[in-house]
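The following pair of complexes shares a single chain, chain A, combined with chain B in the former and chain C in the latter.
Take a look at the complex of A and B:
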C-alpha cells in the first residue's frame, strides 16, 4: 500500500477514529486503525465493537492500493506533530513508513485479517435529514441518560419516528427529556424495533456532523443504527432491553403552572445553588401569585434566597429540585419563555422548553 | 451400702457437724480472696499503700507463683503487730461498726494476710521508722513463728513463696507463667497509674519490667507503663458537670485491643472495673471501633461519694451510680469530644515498626517498659519524635475545617492564610492532586511533608455516613424521587420479607415498594446516597434481614447499609475516580472530624511523615 495525503485532512480523520479506539481493551487489535486504500480513496476504520467509524480522507493520491493496520494513537500523534503539508504512507512486509518532508517513522503493522469487519452503510430504507436537526435533538436529550446505574436500556437515547417527526428520549429514572423535530420521511419505513443508542454512539454521530446544514442519512437496522455524512459512516450497536414507557410519566393534567424567562430562572437557580453542598442538591421553589422565591440551603454553609417575577396560575405551592437537573434542561431551552407545571411537591415537574421539547424532573422531597 | 448398725453407738454420741480446723477455714476464705498470684500482688500492694508507702518494689518469679515479694517504705509493724498480722480478722484499719461508713484504706477486713498465709510459705520483715531494729515472722501453711529481731531498712517486706503448695487442686487452676505474669503486671500497672505520688519498681525473674519514679505525672506514668507510642498519641480529656469531674486521656482508636487491659478508670482515686464504665467507653468510641475491640483510655472520675456506691468486695470493684443516665451521657459526650480532637490516622511509623517486627520476633510477651535510663520525668521526647507524633495528625485540618469548623474558632477573614501553628504542613495542604490510585482502592497522595494512603472505599463510607447522619439529625432526609422506579428482581420469599420492613426502610429515605410478586421498585433514595445503587441496596438490605432478622431504623440502618456495601466492595466497585472526584471526596472528608476511620473502625488513611520515609530508607 502506498498513499499520499493532505496532512490536515488526515489528522482530522485520525482524530475521529481515535475517539472510538479504546484506551485499554482485552482485544489489543482494537487499539489500531485500519487504513484501506482503494483506487481513489483512503478509508480509516476504527471500532471498539460497540461503535464503529469509517472515515474517508479527502485529497489523497493512492499509488498502490492495499490495507494496513497500525497503532491508532501513535499514528495520530506523529501525524499531528509533523510540519509538512503532505504525508506519505507506505506499507510493505510488516512495516508501515510514514514520511513527510525529511521526517519519517516506521511502525510495525498488525495482520489485517485480525481486524474486525465493519459494515457498510446501506442506503436502502435510509432517511435523510439535516445534520443540525440530529445534533440539536441529541443535545436536548442525551444529558438525561443514565450514566452509572440503572436499567441498561436507560444508558442510551431512544430514537423514534412518530408523525413525521424524529423523536429522541432519554431518562436516568429521575428526569426525562423528550425532544422531536419534523423530518421528511419520503416513504422510508419507521424502524420495527426500539432503537436505543448508547450515549457514546450519539456523541460519535455528533462528532462527524461537522456542518449543521449538510444532509445526513440515517439507517435503522436490526441491531445497529448507521449514520452517514459526507466523509464518515458511523455505526452504533443498539442497547437491548426495555426502555421505560415514557409517555406515562409525563404529567397530563396539572394544577400549577408558571411561566418565566428561562435565562433568568437559570441564573437564579445557580445563584442559590451556590450554597448547597457538593452532594446535597435541593433548591426549593416557592410560588405565589406573580412571584417566585428560590431557597438553597446547606447545614455547613448557610442559606440563600432569590426572587423573580413570573406568570403564575395556581395556588401558593412549593417544590424542590436538584438544581443541576433543572439547569441541564434550561441550558438547552429553545425559547426565552419556559413553562413549569406541577401538581404538588412530590409529583413530577414538567418543563416545557420549546415547541417540541419537554423535560420532566422528579422533585426532592423532605418529608417522607 | 452397709447399714450403720455396728457403729451406731459411737456415732450417736458424737456430733457429725464439727468446727473446721483453722487452717482449713483460712484456706476456704483464701479461695474467695486469693485466686492467683495477681490477687496476692493486689493485697500486698494495697497494704503497702495503706501503710503510707512512697516507694513500692515488687519482685516476681515464675509469674508470681514461685515468689511475690512486695517491699515498701511505709510505717511498718512492731513485734506485737507482727504476731497478729497473719491472724484472721485482725486489722489495724477498722475498730467498730461505725467505721465502715468512712473507710479511707483499701483493706479493712483483716483477712488477706491470713488467707495468703494458709496457702503459701510467707515471711514478713518489718521495721517502723522510729525503731532501730526490725522484726521478722514466718508462716508456713498456717504455722506462724515467733517474731525475731533482724536488721534492715525501715518499712515492710512481705514475701510469698510457692503459692498453693499445700492445695494442689488450686494450683492446677493456674495458667501459664506468661498469663499469670500478665495478670500481676496488670494489677501493678493499675495501681501505679492510680497513684501519682508513688514510686514503683517491679521485676520478673530478675528482669526489670516497670520503673516509675515518685512524683511522675499521669501521662509520664502511662508512657513508662505502655510505651511512648501510646503516650504520645493520647488526647487529654477534661470535663465537668457540677461536682462530677472527668480528667485523663483517651488514645486514638488504632490503640484499641481485644481486652480491656489498656483501660483504667479511677473513681475518686481508686481503680474500678465496672461494666457501666466499660460501656461508657464503648459508646464514646462508637463508630470508631471494630467489633470486639476495646479502646485505650485512662480516666479519673471524681464525684461526690454520696452519688456513687462502690462495692468493695476485695476481688471486684463494681460501682453503682445514683444518677446513671445523666452521668453516662456526660461521660460519653466528654469522650467523644476528646476523641474527635485526637489524631486518628495510623502513622506510617506504626506500619514500619510492624514490618520490622515481622522479621524474627524477640518473643517477649512483656509490654515495652520504655527506655532503661531514668530520664527526667518532665523531659520531652526528641525533636524528631515530636514531628512524627504530634504534627502528622493535622494535615487534613485545613482551612475548610476552620471555616465550617466548631464554634469558638473565629473564621479567618477572607484572603488571609490561617497562621501555621505547628510550623509544619497544616496550612499548606490543600488536598490537591495528583493522586495515584492503586487497585482502584488506595489513593496515594503527597503531603507537604510526607505522603498519605487513603482507602477510598472506607473513606467514602465514612463521609457518606457522616453527611447522612448529620442530615438526619437536622430533620427528614432529602429524598430524590424517581420518575421511573428502578425495578429489582428478587425471589418471592425475599419480596415478602422486605415488605414487612418498608416503613423502617423509609425512615432512612430508602423508598421501596413491592411491585409484583418478585419485583421490588425503588421509588426514591436519599440525595446524598449516590452509591451503592438501587439494585445493590436491595441486596444489602435483604442480606441484613437474613443475618439479623430485622431492619434497624434511621441512622443505624444507614450505617449498616453503607458498611455492608463497603465490605462487599460495592460502594465504588468498578469506579475509577477521576482526579477531581478524589479531590472532592478528600475535601468532604476534611470537613468531618470523624473521617479518620470508617464507621466500623477500620482506618481510612495511613500517613507517612518525612521522618518515616527517612527511617525506611535508613537515612536516619
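Take a look at the complex of A and C:
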C-alpha cells in the first residue's frame, strides 16, 4: 500500500477514528486504525464493537492500493505534529512508514485479517434528512439520558418515526426530553424495532455531521443504526432492553400553567440554586397571579429568594425541582417564551421549550 | 482567656441502668445487682452495680457466670423506656450549659464549654454544676472529666470512677498519660495492644517515645492516629450534629429458634421499634439488613435497599420478612437482628421518579403507606404519653416479648451507629 495525503485532511479523519477507538480493551486489535486504500480513495476504519466509523479522506493519491492496520493513537499524534503539507504512507512486509518532508516514522503493522469487519452503509430503505435536523434533536434530548449504573435501556436515545416526523426521546427516570422534527420519508419504511442508540453513538453521529445544511442518510437496521455523511459512515449498535413507556408520563391535562422568558427563568434558578446543597439540590417555585417566587435552601448554607414576572393561569401553587434538571432543559429552549404546566407539587412538571419540544421533570418533595 | 485552659467535658453516668433500677426500687439499694438477661438461657450483663463489681462481675459477662461469681446477685431485666427518660433529663442538663453536646450513648456525652465562661464560670465550675444538677434532677451519679481534648477528657472521667471528678490541665497531660497502659488509647484494641507489646510498647509513654514513622509503617493510618493520641494530640471537635449512620436491634434467643413464625414475630417487633425510633429522631432509612447467627455461631447478613427511604414499621417488616426468606431454614438460629441504614433527615428533599419499577404495585403500596404515614404521628403520641406498649401490632399481642421489660436473654438493645469515631 502506498498513499499520498493532505496532512490536514488526514489528521481530521484520524481524530474522528480516535474518538471511537477504546483507550483500553480486552481486544488489543481495536486500538488500531484500519487504512484501506482503493484506486481513488483512502478509508480509515475504527471500532470498539459498539460503534464503528468509516471515514473517507479527501485529497489523496493512491499509488498502490492495499490495506494496513496501525496503532490509531500514535498515528494521529505523529501526523498532528508533522509540519509538511503532505504525508506519505507506505506499507510493506509488516511495517508502515509515514513520511513527510525529511521526517519519518516506521510503525509495526497488525495483520489486517484480525481487524473486525465493519459494515457498509445500505442505501436501500434509508431516509434522507438535513444534518442540522439530526444534531438539533440530539442536543435537545441526549443530555437527559441516564448515566449512572443500571437503567440499561435508558443509557441511550430512543429514535422513532411518527407522523412524518423524526422523534428522539431520552430519560434517566427523573426527567424526560422529547423532541421531534418533520422529515421527508419518501416512502421509507419506519423501523420495525425500537431503536435505542447509546449516547456515545449519538455523539459520534453528531461529530461527523460537519455542515448542518448537508443532507445525511439514516439506515435503520435490526441491531444497528447507520448514518452516512459526505465523508463518513457511522454505525451504532442498538441497546436492547425495553425503553420505558414514556408517553404515559407526559401530563395531558394540567391545572396550572405559567409562561415566562426562558433565559430570565434560567438566570433566576441559577441564582437561588447557589445556596442549595450538592447532594440534595432543590429549588422551589411558588406562583400566584403573575408572580413567581423562587426559593433555594440548604441546611448548612442558608437560603435565597428571587422574584420574576410571569404569565400565570391557575391557583396559587408551588412545586420544587432539581435546579440542574430545569437548567439543562432551558439551555436548549428553542424560543424565548417557555411554558411550565403542572397539577400539584408531587406530579410531573411539563416544560414546553419549543414547537416540537417537551421536557418533563419530576418534582422534588420537600418537608414531608 | 487562657488558650490552654481545658474546655472539653466528658460526662459518664456510673453503672447507669443498674443505678436507675436502684433509684426506682429502694429495696435494691446497695445489693449486688445487674441489669441484663436471665442466667438460665444466655443472658448477658448490660450493666452491673458497683456492689456487684466487687465480686468481679462486669458488663458483657454472661449472667450465669456473674451469678456464680456473686451469690445472691439480683438480676433485673432492662427497661429502656425508663433509661431513655433519665437520659433525656441528663441531656437537658447538658444543654442548659452549652449547645455543644455530643451524646455518645444514653448515658455519656462530650461537651465543649468554650464561650460559656461568662455565663456559668470556667469548665471546672461548669463540670461541678452539671454533676450537681444531674444528681438533683435524676438522683443519679455521674463521673466527670475535664480536659483540653476529647481523648483526655474521656480518660479523666474514668480515672476516679465512681462519683469521679477529675480535671487534667494541659501541662498535666503528659504526666497523666505516660504511665497508662497503651490499651487505654482510643483505637487500641486487644489486637493492636498485643502487636504493640511485641514491639516492647506497654505504656502510653513507650508509644509516645517511638519514632512516628516507625509506628506509621507498622500500623498505617491507625499508627498516625494512636501516636498523636499518645502525645495528647486530639484535634476532634465536639460535634453536636453528629449523624447516625444506622440503627439496629438484635436478640440472642434463650434457646436456638427454628420456628419461622417466631422469627418473623421478632422481626416485626424490631421493625416497629426501629420505625418508632426513626420517626422520633426525624429520620428515615433506605437500607434494611437482616443479621442471622446460626447455632454454630456462623453469621450471615442479607441486605435490601428500598426505592424510597421509610420510617414505617410495616414497610421495614415486609422487607425484613423477604430477607428472612433468603436465610436457609435448615439450621436453627441463635440470634437475629435487624438494621436500618442509609438514614436521612425527613426534611431532605426527595427526588420523585417518572417510572416506577412496577407502577401499579407501587401505587397500591403508596396508598397504604400514605394511610400509615398519616396514622403514625397520632400513634406515636399515644406511645410517648402512655408508654411504648400502648399500641402494638395485633400479631404481637399475647406473645409476651415487648421491647420493654421482657426478661428475654440479651434484651434487644438499640444501638446507635456512629458517623465519626468517638
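By our rule, the second predicted complex is superposed on the first by the 365 of 368 C-alpha atoms of A that agree within 3 Å, B and C clash if a C-alpha of one lies under 4 Å from a C-alpha of the other, contacts with A are read in each partner's own complex, and residues count from 1 in each chain.
Everything that follows uses one rule, which is that a residue touches a chain if its C-beta (ideal position, glycine included) is under 8 Å from a C-beta of that chain, and two chains touch if they have at least 3 such contacts.
Values in this document were obtained by computation on a predicted structure and should not be read as measured data.
Colleague: Do chain B and chain C fit side by side on chain A in the superposed arrangement, or is it a clash?
Modeller: After superposition on chain A, which the two structures share, chain B runs into chain C.
Colleague: In the overlay, answer first, second, both or neither for which of chain B and chain C A:148 touches.
Modeller: The first partner, chain B, only.
Colleague: One more residue to check, A:282. First (chain B), second (chain C), both or neither?
Modeller: In the superposition, A:282 contacts both chain B and chain C.
Colleague: So, A:27: does it touch chain B (first), chain C (second), both, or neither?
Modeller: Neither partner.
Colleague: Is A:120 contacted by the first partner chain B, the second partner chain C, both or neither?
Modeller: After superposing on A, A:120 lies clear of both chain B and chain C.
Colleague: Would you check which partner chain A:307 touches, where first means chain B only, second means chain C only, and both and neither mean what they say?
Modeller: The answer is neither, since A:307 touches no partner chain.
Colleague: Using the superposition on chain A described above, determine whether A:249 touches chain B (first), chain C (second), both, or neither.
Modeller: both
Colleague: Chain B: which of 2-10, 38-46, 200-208 or 308-316 bumps into chain C?
Modeller: With chain A aligned, chain B clashes with chain C through residues 308-316.
Colleague: Output the chain A positions appearing in both contact lists, the one against chain B and the one against chain C.
Modeller: Shared contact residues on chain A: 171, 173-176, 244, 246, 249, 280-282, 299, 320, 322, 346, 348, 360, 362-368.
Colleague: With touch defined as at the start, can you tell me which chain B residues reach chain A in the complex?
Modeller: Those residues of chain B that touch chain A are 404, 467, 470-471, 474-487, 506-507, 509, 511, 524, 527-528, 530, 533-535, 575, 584, 587-588, 591.
Colleague: Which positions of chain A touch chain B when the two form their complex?
Modeller: 148-151, 154, 171, 173-176, 244, 246, 249, 277-282, 299-301, 320, 322, 346, 348, 360-368
Colleague: Quick check: in the complex, which residue numbers of chain A touch chain C?
Modeller: By the definition above, chain A touches chain C via 171, 173-176, 244-246, 249, 280-282, 299, 320, 322, 346, 348, 360, 362-368.
Colleague: In the complex formed with chain A, which residues of chain C make contact?
Modeller: 345-355
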